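Below is a structure I'd like to ask you about.
Here the chain labels run A, B and C in written order, and each chain numbers its own residues starting at 1.
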Amino acid sequence: MIITLLTDFGLQDSYAAGMKGIILGICPDARLIDISHLVPARDIRSGAFLLESVYADFPPGTIHVAVVDPGVGTGRRAIAIKTPHYYFLGPDNGIFSWIPARECSWESRSLDNSKYWRPRVSSTFHGRDIFAPVAAHLARGIPFPSLGSICSPHIAEWSRVLFREFEIEGEVVHVDHFGNAITNITMDHMSRLPRNGQKIVRAGGHCIRHHVESYGHTSPGTAITLIGSSGRLEIAVNMGNASTELGIAPGTRVIVSCSSSS
Amino acid sequence: MIITLLTDFGLQDSYAAGMKGIILGICPDARLIDISHLVPARDIRSGAFLLESVYADFPPGTIHVAVVDPGVGTGRRAIAIKTPHYYFLGPDNGIFSWIPARECSWESRSLDNSKYWRPRVSSTFHGRDIFAPVAAHLARGIPFPSLGSICSPHIAEWSRVLFREFEIEGEVVHVDHFGNAITNITMDHMSRLPRNGQKIVRAGGHCIRHHVESYGHTSPGTAITLIGSSGRLEIAVNMGNASTELGIAPGTRVIVSCSSSS
Amino acid sequence: MIITLLTDFGLQDSYAAGMKGIILGICPDARLIDISHLVPARDIRSGAFLLESVYADFPPGTIHVAVVDPGVGTGRRAIAIKTPHYYFLGPDNGIFSWIPARECSWESRSLDNSKYWRPRVSSTFHGRDIFAPVAAHLARGIPFPSLGSICSPHIAEWSRVLFREFEIEGEVVHVDHFGNAITNITMDHMSRLPRNGQKIVRAGGHCIRHHVESYGHTSPGTAITLIGSSGRLEIAVNMGNASTELGIAPGTRVIVSCSSSS
């Protein structure tokens, strides 16, 4: 059984390894795959995007554990979501905002049942003390309803885009390693704009008119937009860093407008 | 059999992968888990802390390989320690300072037996040429005494704290990804102070009076102390970075004093 | 079957995890080992060096996937190389420049056969859509010739050194985590210089006369050269950072000259 880990724990500490040790003690056969531990500290939106961008690339049955958890030790709920093919475990702070909308059916449980937690739960590290052991027990086959009572997951505002006539307004949700700025606007959203009008993307005071298939299709240094590998609108600079060169970051508003082509 | 790796090799090179390739060539079934490869370069104290913080989260039988090794290729000894549940392999430079005191029994061997090394040992990369193959042979079941002669591991000064009347003096041993400064003062040390006096923590010219259960329990920006998930006294700033904001770093002296509550 | 991954995708995104999810969906038993995902962005030379430094540390049968791919989505070819013990998969941009010269025999194929790709191939992420699934199918045992037609891999200029009388000219190909500057000059190249003359290494305006066995063998701060663990000439500063202190970087020319010892 595959268990993936996505956190903002960084890579210089032993936090992610602690989760792995606990999982392997309960479920020795678990296959552990890191999605990333470099989500910007406490950036739930970026974590939500990364999870949504990759979860469906894994085989059915995979358990995805996502711990970006600034509210650890306070009253925030811990949840699990079950979809036809996957399980998701993490704090109920919006990190799973994009899951329910994308899946045809799902069920969500509050992680109330302390039987599957570590015997002693610290107030600062629920990744190791709650999410890791619960994931390992799920991997061993305990029934999903035994985790706790049914609940409804928190859906964050930044997971939605606004539609106006000939216009979509969204925002940058993640800046990747290459400096490409990825938005919450999907290919599906884009397809609701008129087909034959010219698309203009405005962000951070810039107006980008080049919409291409791939990074290499323009001259170096040109600002472009494209539908990236995650199926979302990206702003990029060919052979450059769009975030630093255009001054756009997570949270920057992005407007796609479509001029009528009469 | 699980083999963990902890090094200061960084992540941009192929050094850690080289160790893994060698291990898998000898013991194809080994489960390889990275603790961290971002120990600050040559910082034995930080490596020792990270190892101590996580080793017991792994199942019994786990082999922990820790290579922070500024003296590689000089005369420093290579050692292995066996405790009731774990094995430890690394240079004898103090990286295992915290292990013997925590375990009820242990045995230590010098890695003299070149039979378990790679045939050709480089003078700069004992991680790949000595520690990796020895770990893999241990995972395959060779008897511990066959590694070499009995020896006594080096215990570093920074692994100890000083007790004075109503006062404990220790130091920062690690700054984590969130900027939290972790000390060598444990919950057990703290319990030797009078119970009902108010605790004051002094470090880097600051005097911290807020001792809380969890990061989220004060207003953002407040300097706090807490017992972290590793069971040690930590200095943190809620939603902030204690190390940069308070000017404390590994090696900074930390004094916990307890005012009499007459 | 072991599959290694070497990319410039960084560690803060989900790109490498996407490749792993796809591989595990096709070949659930694959052992996945990261070589590095921190190759400097688009630096084919550095990726080529890292691959060459470590590939032979893995057991026979290992499949090495190397994706440093600035030309993704343009016309560049995707290739596979088979040697007596290993497979290599990646873009045909020179990243395998050092493989053919080191192996006694090899065969190279263009990845034409879309049967082994993902059904829908994005124009920006061939790591996930072509290289990962092809690697997984190879791990499951499909015959190498079924990947596509025979081709000849691109060999880059920087993979070669120049020989002059009593002199070798090469360049820095990689700066490692410790700041050591590794060159394309091998121990074998060095052995073609006269044995008993004094070797002088010139790089970045510096003239280095200390050639040692290991980093610890000189006083701290001294610039030294040594044959590193990868069998190549390295420029280092004992307990320091050669790259920043000497002003040398990938691409810096390096000349080894040998004074006659008449």
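In this text, a contact is a pair of C-beta atoms (placed from the backbone, for glycine too) under 8 Å apart; a residue touches a chain by one contact, two chains touch by 3 or more.
Worth saying up front: this structure is predicted, and the values here are computed from it rather than measured.
In this entry, chain B maps onto chain C through a rotation of 120 degrees when their C-alpha atoms are superposed, rounded to the nearest 5. Looking at which positions face the partner, chain A and chain B present mostly different ones, since fewer than half of the interface numbers are shared.
Between chain A and chain B the centroid-to-centroid distance comes to 32 Å (mean Cα coordinates, whole Å). Of all residues in chain B, those that touch two or more other chains are 11. Per the touch definition, chain C reaches chain A in the complex via residues 8-15, 17-18, 20-22, 24-25, 28, 32, 41-42, 70-74, 122-125, 128-129.
Residues 2, 4, 6, 11, 31, 33-40, 50-51, 53-54, 57-59, 62, 174, 176-178, 213-217, 226, 228-229, 239 of chain C touch chain B in their complex.
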